[in-house]
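For reference, chains read A, B, C and D in written order, and residue numbers begin at 1 within each chain.
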Amino acid sequence: MTSVGIIGATGYAGAELVRILTGHPHVNLTVLTSRQYAGTPFSEIYPCMLNVCTLTCEEFSMEETAAKADIFFMALPHQLPMHLAPGLLARGKKVIDLSADFRFSDPARYESCYQEHTAKELLQQSVYGLTEIYREEIRGADIVGNPGCYPTSILLPLIPLLNDGLIHRDTLIADAKSGVSGAGRTPALATHHCEVNESFKAYKVDGHRHNPEIDEVLTLQTGRDVHVVFVPHLVPMTRGMLSTIYAVPQKGISAEDVRQCLQQRYQDSPFVRILPNGRTPDTRHVNRTNFCDIGFHLDQKYNRLVLLSAIDNLVKGAAGQAVQNMNIMTGYAETAGLDAVPFPL
Amino acid sequence: MTSVGIIGATGYAGAELVRILTGHPHVNLTVLTSRQYAGTPFSEIYPCMLNVCTLTCEEFSMEETAAKADIFFMALPHQLPMHLAPGLLARGKKVIDLSADFRFSDPARYESCYQEHTAKELLQQSVYGLTEIYREEIRGADIVGNPGCYPTSILLPLIPLLNDGLIHRDTLIADAKSGVSGAGRTPALATHHCEVNESFKAYKVDGHRHNPEIDEVLTLQTGRDVHVVFVPHLVPMTRGMLSTIYAVPQKGISAEDVRQCLQQRYQDSPFVRILPNGRTPDTRHVNRTNFCDIGFHLDQKYNRLVLLSAIDNLVKGAAGQAVQNMNIMTGYAETAGLDAVPFPL
Amino acid sequence: MTSVGIIGATGYAGAELVRILTGHPHVNLTVLTSRQYAGTPFSEIYPCMLNVCTLTCEEFSMEETAAKADIFFMALPHQLPMHLAPGLLARGKKVIDLSADFRFSDPARYESCYQEHTAKELLQQSVYGLTEIYREEIRGADIVGNPGCYPTSILLPLIPLLNDGLIHRDTLIADAKSGVSGAGRTPALATHHCEVNESFKAYKVDGHRHNPEIDEVLTLQTGRDVHVVFVPHLVPMTRGMLSTIYAVPQKGISAEDVRQCLQQRYQDSPFVRILPNGRTPDTRHVNRTNFCDIGFHLDQKYNRLVLLSAIDNLVKGAAGQAVQNMNIMTGYAETAGLDAVPFPL
Amino acid sequence: MTSVGIIGATGYAGAELVRILTGHPHVNLTVLTSRQYAGTPFSEIYPCMLNVCTLTCEEFSMEETAAKADIFFMALPHQLPMHLAPGLLARGKKVIDLSADFRFSDPARYESCYQEHTAKELLQQSVYGLTEIYREEIRGADIVGNPGCYPTSILLPLIPLLNDGLIHRDTLIADAKSGVSGAGRTPALATHHCEVNESFKAYKVDGHRHNPEIDEVLTLQTGRDVHVVFVPHLVPMTRGMLSTIYAVPQKGISAEDVRQCLQQRYQDSPFVRILPNGRTPDTRHVNRTNFCDIGFHLDQKYNRLVLLSAIDNLVKGAAGQAVQNMNIMTGYAETAGLDAVPFPL
């Protein structure tokens, strides 16, 4: 058993961590922190947890909080984690951060779309937590920067095909669609039910912060500059993310080549499912699971490959992948706490 | 480990049984039957199950199917189960039927709202599977008639108060609201997304089949004729049921009396949660769980008690309660396979 | 043509007024006020209005604003209108207020659930704007207190039956359900899409401010104290309200009596539709219209009448009825600006 | 006044035609036909129409039906209209067909994705009803093939830019998203509320019938073969369509060039709105209107143009554009019957 704490437990990603870790067979969830709700039982904030989670939220305090667990998840707005991580690491704790603060290798890239980074020295130490791609590095990591939801859904289908040279790297387009929970729990007009309901739209068309994250990883993976044209959209639903990715295949590539590349790359990855021929991913089929479903269509006449991937933005796109990373870091089975049977509806 | 089969596995209640039983720690799910989908892998019908459930649907055959398991769940339209149950019982199998066929003690009441009953002799043997009320009888039962979703949500709050004489039995009103999954999986105009979306309405105002079921149980519980005025409504959501019940309290009853009655009755029932003062049930808080959340408001000035209960119609209202009953019948922990941590969203 | 202004134009009821009045054949919409958005074109706040409404929101100023129109709608939070109405009336303007400030005859009743009333002298002058019931009084009114949405949906079916003595007045229950737009446009956790979606719940079970409003009108109509047990619920949809009302009929009353009473009362009311036998109201069927659809079921065996009424909470429950009242006050056809053909979906 | 009939009035597009034409100031709607509902009052099929539309559906009969109106809309499944149009035209009627039967110039292209065409001779006579592009041809047409919803949303932004040579014609991608009403009213698992709710997915990734329609129009417009990579998706909402279109701009093109091209082309088209800088289309902003909102983002660094367009699939994507075409054909104002003020919600 590992004692685990969550710093910032009351946002949607934090609460999803509470859910998974409360049910995790090898975890003892010992501390939840929240500035806004310090002193409030977690089950008052999330009444579904009545009789299930009996923890009360606490104010974060480096000495006291750090003493209560061995591994910490941080589900805070970016810029806060970079101030807390050094202290936690100095006390011998392992850290999995769900913000953007430790996702980048290149501080300049981070600073171009967030703000100044005050713990740059940790960026080389930190491992990007896209589990299926960086599993070995994660195994020995003390600090993991858990990927964004959009990057997760876009990188998993793209990396194997780019690595194996099956597609061109300079014409990539990712048209991505997310449920509303990705916008977080803080009330805003943009997440008001009446504004979201019966609405579909693109947003941040002139630049979303997940774009440099995607670009950096693909650039590192290919050794050459890669830019993905990326347009995020908001879907009137709570959970789920679908990315439709357009790529130009290299000459002579067949659908079977694409399938083999993906299947081979993910044959030992229990959470990536390459769908059978004729099936396309649906966010409902991965709802509340840690799966990433991948499908594709190769149009040989017009030489275009359409890749489709579906995840639950709060699970594989956030809390689930974070726990998957913890499992790797601690040596537990990769699927521990994440293997609930999917819901038919 | 108990080997279990599901007869009629591809409707929504059947599929929810597949989900729960696939993840049940003491169950070996061995056979799924379906007329419509015989020969089709279950994961083709419910693609969420890819790599998770590897069973293929079979045509039901008494000899072959019965040989494959010790306990059978039937998730079929009413009228079919009454033809299958005798054969299964004769072969020493235990049966939990989710239709109305074995819910009634009085065949005339059944026949007044369904059709002729051809296995009347089993009605005395069959136990009504409202677990918290009939737990002891269920323990020794060979055949259980699993309650309807509306009756479950209405009977659980009412029975303790009627048993203890805290409310009048002749002025009961239940205004109940259900998500769309209660209408089943068969496509129909009434469940077409465009007809349901942005729609709220009552239906079957002149008589719903769950009304006699509710009335019979309350009549048996109180020893006197009871009729509940019952109006069901359809909510534009997939899962969830809320019942708002209006009762006239006996003179001098206090809110504390109501609370104590409910808490005492359900103190050893892990799936019934009597909410703290000031909280009211929300279907979202019991979503995908086997909980029944109960709240109430006593208006002493106007002498009116409002009871509120929330369940997930597919879990506590169908498949979850059925598995809860199986746990009782087999001597497993009542919560086995049903104790997943609730989702915050 | 009448020149009309809207004070508080950017909330949902205000914006719905903008919509209706922009399309009204006899209205010249001349001024929109908003504290929050003064100086902002209305079509920036509601982009649907691009090229359609060219007005820019202004700060309210008694002298300047009053000079711009002859009739003013106020769509402000309660407590503000009582400070503005006297000045507008003193300048010879007519006022239709959508808040609760001018709905009550009895200031004590108002103050019991809102706050001190500083314009009590206007309460006798003000007419309750339930058009079908107070049409004649509205005709000559200078100031109208437009009804709440819940009261509109509950009073229209009840008043004729109470007036004609067809039902008992002391056992009335109204179980009401509203779409989310009733909660207004200000962002809050309670209206966050992720909190509303797949959620159904009651709220303010211990007392909603529309209850005294309902009670006062029924008390005035019957000449005796009436209290309705009233429980509001939130439906995961944007628009619409359904009320299910339970009443005890007087002895010997038939369904035909109920139908005749309702039809006779509303035969000259174009916006009240008494549904044919066997039909029940659906919020979708009155969506975006000024209709109030009324249906009922009389259970003679158990002596219970179930009344059902559906409105669009923003139209008949707010802006539509306000314009209907303006039409009466100005002598235009009652349906002017409100007779768009309903949407099939 | 023009007398108008609708053949196939009870599907969603047909019912939307009933709505618009019932409210049209210059139209006398005289006949509705339906095979399934012959003899049934339209207001029983669509109860929103009670007291509003008093027509009863009839069986189609060439002699009798044709005699009742001068202009006919056909809202039937493809393959039926080609059998009816010749008879109607022979009787001097004008025809606006909402199916695919008269959209194509090239019968081979039609037959490649539908079935044999039995009225090929009409294809040259028929005009493609994309109003803003073919307004002059429509003016004199006897028969119009009303465009598909996807083609409408994709062609309107693309054609001006292709005509003016601002973008390359050989790298076009359209990622399109539609509400569920586009799938029609016939119940099916794919439109079951529980299957659609909380689901987002692509469909017909290997070829949708609107793709050849798009390609043919662009080929005719440019005089050279054009193929658009087109992937449709299903959004869990009733109405609305958003298309995100990716194009490679010609060298040196500025955002201002794009804006001027679009604005100039559509300056006399009241239903096309080129959004101001910084705004992106939202289906909610065109909901229930005949508008097509167009926005764009030009990324000069990476030389990519993203075009966004939003329509209501049942209005500008079907019935509204059909009426717009009728207005052109009859010489009425183009906006007649289509100029209702948009709903803020």
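In the analysis below, a contact is a pair of C-beta atoms (placed from the backbone, for glycine too) under 8 Å apart; a residue touches a chain by one contact, two chains touch by 3 or more.
All values reported here derive from a predicted model rather than from experimental measurement.
> So which chain is the furthest away from subunit A, centre to centre on CA atoms?
When every chain centre is compared against subunit A, the largest gap points to C.
> Counting C-beta pairs in contact, does B-D beat A-D or the other way around?
Looking at B-D and A-D side by side, A-D shows more C-beta contacts.
> So, what's the distance in Å between the C-alpha centres of subunit D and subunit B?
46
> Using mean CA coordinates as chain centres, what's the gap between subunit A and subunit B in Å?
37
> Please report how many Å separate the Cα centroid of subunit A from that of subunit D, as a whole number.
Taking the average C-alpha coordinate of subunit A and of subunit D, the gap between them is 39 Å.
> Quick one: which residues in subunit B touch 2 or more of the other chains?
Where subunit B meets two or more other chains at a single residue, that happens at 12, 181, 194, 197-198, 236-239, 282, 284, 287, 345.
> In their shared complex, at which residues does subunit C touch subunit A?
12, 180-181, 185, 187-189, 191-198, 236-238
> Which residues, counting only subunit A, touch subunit B once they are in their complex?
12, 15-16, 18-20, 22-23, 46-53, 181, 198, 238-239, 270, 273, 275, 279, 282, 284-289, 293, 314, 340-345
> Can you name the residues of subunit D that touch subunit A in the complex?
Listed in rising order, the residues of subunit D that touch subunit A are 171, 173, 175, 177, 179, 194-195, 197-203, 205-206, 227, 229, 231, 233, 235-240, 242, 244, 246, 280-284, 287, 295, 297, 299, 302, 304, 306, 308, 310, 345.
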